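Let me begin by handing over the structure; questions about it come next.
For reference, chains read A, B, C, D and E in written order, and residue numbers begin at 1 within each chain.
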Amino acid sequence: MKESGVFLRERLLPIVVWVLGILLVWEGASWYLLEVRQIPLAQSKLPYIHEIAATFTTYGGTLAKEGWVTFMNAAYGFLLGAAAGSLLAILMSLSKWVEQLAFPYAVASQMVPVLGLAPIVYGIVRDEETARILISAYITFFPVSLNMLRGLRSVSPASLELMHSYAAGGRTIYWKLRFPASLPGLFSGLKIAAPLAVTGAILVELMGASRGIGVIMLRNLYYGPSHVYMFWSTVVVGAFLGIFCYVLISAVERIAAPWQPEFRNKGGDG
Amino acid sequence: ACGGNNGSSNDSGSQPSANGGGDGAAGASETVEVKLQLKWVPQAQFAGYFVAQEKGYYAEEGLEVEILPGGPDIVPEQQVASGAAHIGVDWVASLLAHQEQGLPLTQIAQIYQESGLVLVSKKESGITSGADLKGRKVGNWMGGNEFEVLALFDKYGLDSTKDLEFVKQGFTMDQFLAGELDAASAMTYNEFQVVLSEGIAESDLNVIDMNAEGVAMLEDNLFANSDWLSGNKETAAKFLRASLKGWKDAIADPEQAVDIVMKSVEEGSTSRDHQLKMMTEVAKLVAPEGFDLNNLGWTDEAMFKQTADIALQFNVIQNEPELSTAFTNEIVEMARD
Amino acid sequence: MENTMATILPEIDIDRVTMKYRTDASEVLALQEVTMNIRQGEFVSLLGPSGCGKTTLLRIIADLIQPTSGSVQVAGGTAREARLAQKYGIVFQNPVLYDWRKVRENVTLPLEMMGVKKSERRHRAMELLSLVGLEHAASRYPWQLSGGMQQRVAIARALAMEPEILLMDEPFSALDEFSRERLNEELLAIWSQVKNTVVFVTHSIPEAIFLSDRVFVLSPHPGRLSAVVDISMPRPRTKEMRQSETFFRLIAQIRGSFEGV
Amino acid sequence: MENTMATILPEIDIDRVTMKYRTDASEVLALQEVTMNIRQGEFVSLLGPSGCGKTTLLRIIADLIQPTSGSVQVAGGTAREARLAQKYGIVFQNPVLYDWRKVRENVTLPLEMMGVKKSERRHRAMELLSLVGLEHAASRYPWQLSGGMQQRVAIARALAMEPEILLMDEPFSALDEFSRERLNEELLAIWSQVKNTVVFVTHSIPEAIFLSDRVFVLSPHPGRLSAVVDISMPRPRTKEMRQSETFFRLIAQIRGSFEGV
Amino acid sequence: MVGVSGTELQEVRTEGIKAVPREMRISKRSRRKRRRFTAVGLPVIAGLCFLALWEFEVFHRLFQLRTYQLPLPSDIAKAIRDHVDLLLSYTGYTLTEAVLGMLLGSSIGFVVALLAAAWPKWGSASVLIVASLNAVPIVALAPIMNLWFSDGMGSRIAIVTVTTMAAMAINAHKGMNAVDPLAMDLMHSYAAKKLEVFRYLRVAGSLPYVFTALKINATSSMIGAIVGEFFYSSRGLGYLLSNSIKVAKMPLGWSCIVLAAVAGVIFYFIIERLEKWCIRWHSSQRT
């Protein structure tokens, strides 16, 4: 009873206040641009929130459906990207050699935009679905990899010595020490990657898909300012998907790595 | 109902490999899969294919056609060459450029007879002819869409790097509407309508038409992967036959065509009204006044050559194309029988 | 005193070991030409002022760092071989508990690494935790323990694997006198059963005397062996011996061989 | 008269303080109804078995955690006010040095926060480092020090700011007997000059007696005040007093009030 | 088993302590030389092998690729040679956008993390909001930013700013919260103000995380600037790249990618050097 009260006050209240605050400021600014400054394309620059909300009531079904498609695409890309990223991090932490060999190329690979990558990926796998997942994984793997590598590398020398005193093999050291120690880093990498996976999914949807939030996004832009509210609705849906993924990962973090200082309750009754 | 679903229905048997299938194998009972890559998002610009699909013309020919949407990052030529699709839609100039780089592509039909590209400007900027563009900011999407405009500049002796500011235009008309561009590129069937729907009267706009200026190039065509084509001429002909039938229906009954197109369009992304306007404008390009619809799909060598010449002039291509391999009317002829 | 033939075998043979640490600016000579022999089954203590190199020496024996020069032989092979044969159990100066493991899992860690069965591990862990008086804290996280409790967990962890060679770096320094004396006795009891070799670092001269067969005294700057004191008191050691005259004499003797910081 | 006035003033007034820690599974009653008064300028020690709540009590006094119930008054105000007035200097049970600061910068840290001039800071830091015998290690990083050296840096850091109230949690436990005794004397010397109030946690009964005016003994589970012992030895205290009869009597008395783990 | 532990042992030696192992003492200089070799020489040699396999169409055969999908290095080199001035000036342009946007975005992200760490109750939501911006793709950001900042450099800087904020905010926030609770207690005992806690503890404590974010941002800012240029820009590598690929000038398109990669890798390694210099004290750096 008391706990839920605390939860409401400590976590929900600020979020509600934030959301309301942002909505109010946005609506006010939108009104200011449109009515006071009367700048051209004011509604395209910053549309009325209530108009966006209105499109949600009309097209809520579509947005939800397409949002779900995007979410699933993002999930696949994210899973593959996170797996690839962690694997690369592990390989690189296993030997400086691999790191120095692979790293410059991993960085360079991130400079190939999807536009240049797509023909190659399509050319190699010759299957759209696989190609899409590969491309969105390619977009997400890098932050995961870097953050996890940092985590793997920064275990305290003392805990490493304990492992050595047991003559622990490389694999055991990973499993018992480096991996758990890298979880905080891994999770902040995943938190960066999760919203990015949504971006990736949307980007990939523009590579010739006919479903997904990205598709409506592009089409509403293309058909001009008269579709601006619908376009902004898709932006809002994208942002919400991002928030959702982020919160999801945070929740998993609390379960998987509960020992971190930020989750400790400090003395007293708190 | 539309084939646009990106489902993973393409099993390995449908791979457009060079010698795959063959016409002999395409018996009456087995349906053959054909993938069509559009240049842009599903809309009335491609009405013929959607009509053919919806009315079962493809099915009648024993084809199972999948229509792949395009987008700002999709190069249909790449898709067709790499095997992601069998047949594609693009502009002829782009096709020529890709052919020259050795992509195995052959044009099998010309759908649009005239150019839909115009330069719009607001009346108050006083741009009534190409010559007035001097010193102005002119936009285009670039990436293969800019050659007609370059030819226009050339016609009026303007150097696009010195005499005016020729800049990239996004896939929205915002820059023009916000007054950032003096003249913007627009397709009669879409961007021009977008401008009009923003409450700007047609009478407040100046339009420079590429056809009237004599710098028009051929636009939407159909091209196929050459390797695939050599073994699947019959299939291509069936596809073309059904597609042309679809186009004729679409032009005969735009309302119905738009109803069909709307089914392939995500709810909330475009309005029926807009698509109807698009269909009307597209009909004018596919079948200009006095055009014999029986010639639909036929590639006119003279027009093709004019397009190629302009392309050559602006370094889209470095050498004169070998017309005999660049396009073929053989499939159209087969489709007519 | 010399009870069996085991005492003849040199279990740990440290031969002219020198250790230099490099820092940005200068070099620190932590150990200089230290030579000592420790017999199998022997209980020895290292005494010496803060910073004289006790921890360094322990880490060299455990093959966690390599000496700049000199050699270490353990059980007839190199220190490395001994380490790889999992002969060592170590209590570090800091507890070094893994944050993500609860107390019990911290104790079972070495058992996991030796492939002991799960039920067996838990049983053993609880046994040892109750030995150090912590059975009630088994399912807490390390940061929920007091300093002394953390150190006791580390002790339980090292004892869990019944190592042939037990290296302990000031294990009892965070404990009150009573707990400390009790654990001294427990340690001796275990040692007399398992018959392992123990190298024990402490700052308490009485503790060193009470526990050890021999006490090595190190002097600082650079760390050198300054005295070896035989503790000629019979075993088993009893509480009463702490009040004996020999005991006080030994204290005085060791104090004498000692230089402050 | 001024002098006696000062001793009457209760500097730290702990009134029925209870502390419960919540863990996932259960609650830990770390302190129960602890009441004590510490006078201004007094030197008191806390003794008690490991885990009885000494650190907890110290942290409550320092306003680092809030008690579940009960109140703490410091210098007439709340503990919070005292903390905000920068009255406290603390030596934690672990050294808690900042990895990114060299030894000297770790010592100057509190001075920086109080806005002391740079040259002054360095001077003071070197003075204190030489007091704890570490002037030669001033420009090393903390991880390049031995355990005892790290603890001495922490002591120097706490002394640097000459706090009105000095809270020390087992500061000398990682030191050898000689360094420890020397630092005991240094600490008393400083204290007698600065006249600050000291709360000192230790496990060494002799140390507590040698240093303190009063010794508080805590008993565990739950942590309760079990005895208060007045140390009626004159000041200044000298080495010789360690051998005095009063000293031994006090040791015995405190031992008697003690319960082991 | 023995082999594995051997490499682990090496790690103790290099990572744990600054011991001077006997056999290495004589060859301090040669060791540094060797390290430089593995850091620079190895990737270069691997790169050359990679290029050779690429040039002789081994990849093409392996994956059944054609040169119009992946042009040959020699063709790319030729395209670079033919357009070197243009390419260099465009690289400068894009890099400027990337660096400015990245600095701006990282700073904003860092400030958000500061606020969130200082007032957790009210600030945590701001990290969430910034993170959610990361889910808005560049295709959507580009038109919005174009409207707000016109089609010049400003709009790409804004895009890069938005795309780099999240990584920094999330990582810096984690770093500031991951400081040792006892170290926080020390600060509290000095009655340190919020600002001082950051100045003396949290910022330094979060540096390893912050640098990871900067490294992520070094790459994502380049790609953000490039993709941002796809839509409205008339200059820059992204503009040239998208144009070239659409008109079948694959070698020229790939020369943009090559230059972007080179610029990006240099940008990345500058940040890595900076990191080495700033967090020498960190355990991951104790080599």
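Assume a residue touches a chain if its C-beta (ideal position, glycine included) is under 8 Å from a C-beta of that chain, and two chains touch if they have at least 3 such contacts.
Here the structure is a predicted model, which is why all the values come from computation and not from measurement.
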Higher number of C-beta pairs in contact (A-E or D-E) found for A-E
Looking at Cα centroids only, farthest away from subunit C lies chain B
Taking each chain's centre as the mean of its CA atoms, subunit C sits from subunit E at a distance in Å of 47
Chain-centre distance (mean CA atoms) for subunit B and subunit D, in whole Å, is 84
Here the gap between subunit A and subunit B, centre to centre from mean Cα coordinates and rounded to Å, is 36
Multi-chain contacts in subunit B, i.e. residues touching at least two other chains, fall at 72-73, 75, 78, 82, 171-172, 174, 178
Each of the following residues of subunit D touches two or more other chains, namely 21, 59, 94, 141, 143-144
The positions of subunit A in contact with two or more other chains are 41, 44, 114-115, 119, 123, 156-157, 161, 164, 167-168, 206, 218, 221, 264, 266
As the complex stands, subunit E meets subunit B at residues 66-69, 139, 142-143, 146-147, 150-151, 230-234, 239, 242-243, 245-250
In the complex, subunit A touches subunit B at residues 40-41, 44, 55, 58-59, 61-63, 66, 114-115, 118-119, 122-123, 126-129, 206-211, 215-216, 218-227, 230
Listed in rising order, subunit D residues that touch subunit C in their complex are 21, 23-25, 28, 47-51, 54-55, 93-94, 133, 139-141, 144-149, 152, 169-170, 173-180, 182, 203-205, 255, 258-261
Touching subunit D in the complex, subunit E uses residues 18, 180, 182-183, 185-186, 188-192, 196, 200-201, 204, 207, 279, 281-283, 286
In the complex, the residues of subunit A that touch subunit C are 156, 158-159, 161-162, 164-168, 172, 176-177, 180-181, 183, 257, 259, 264
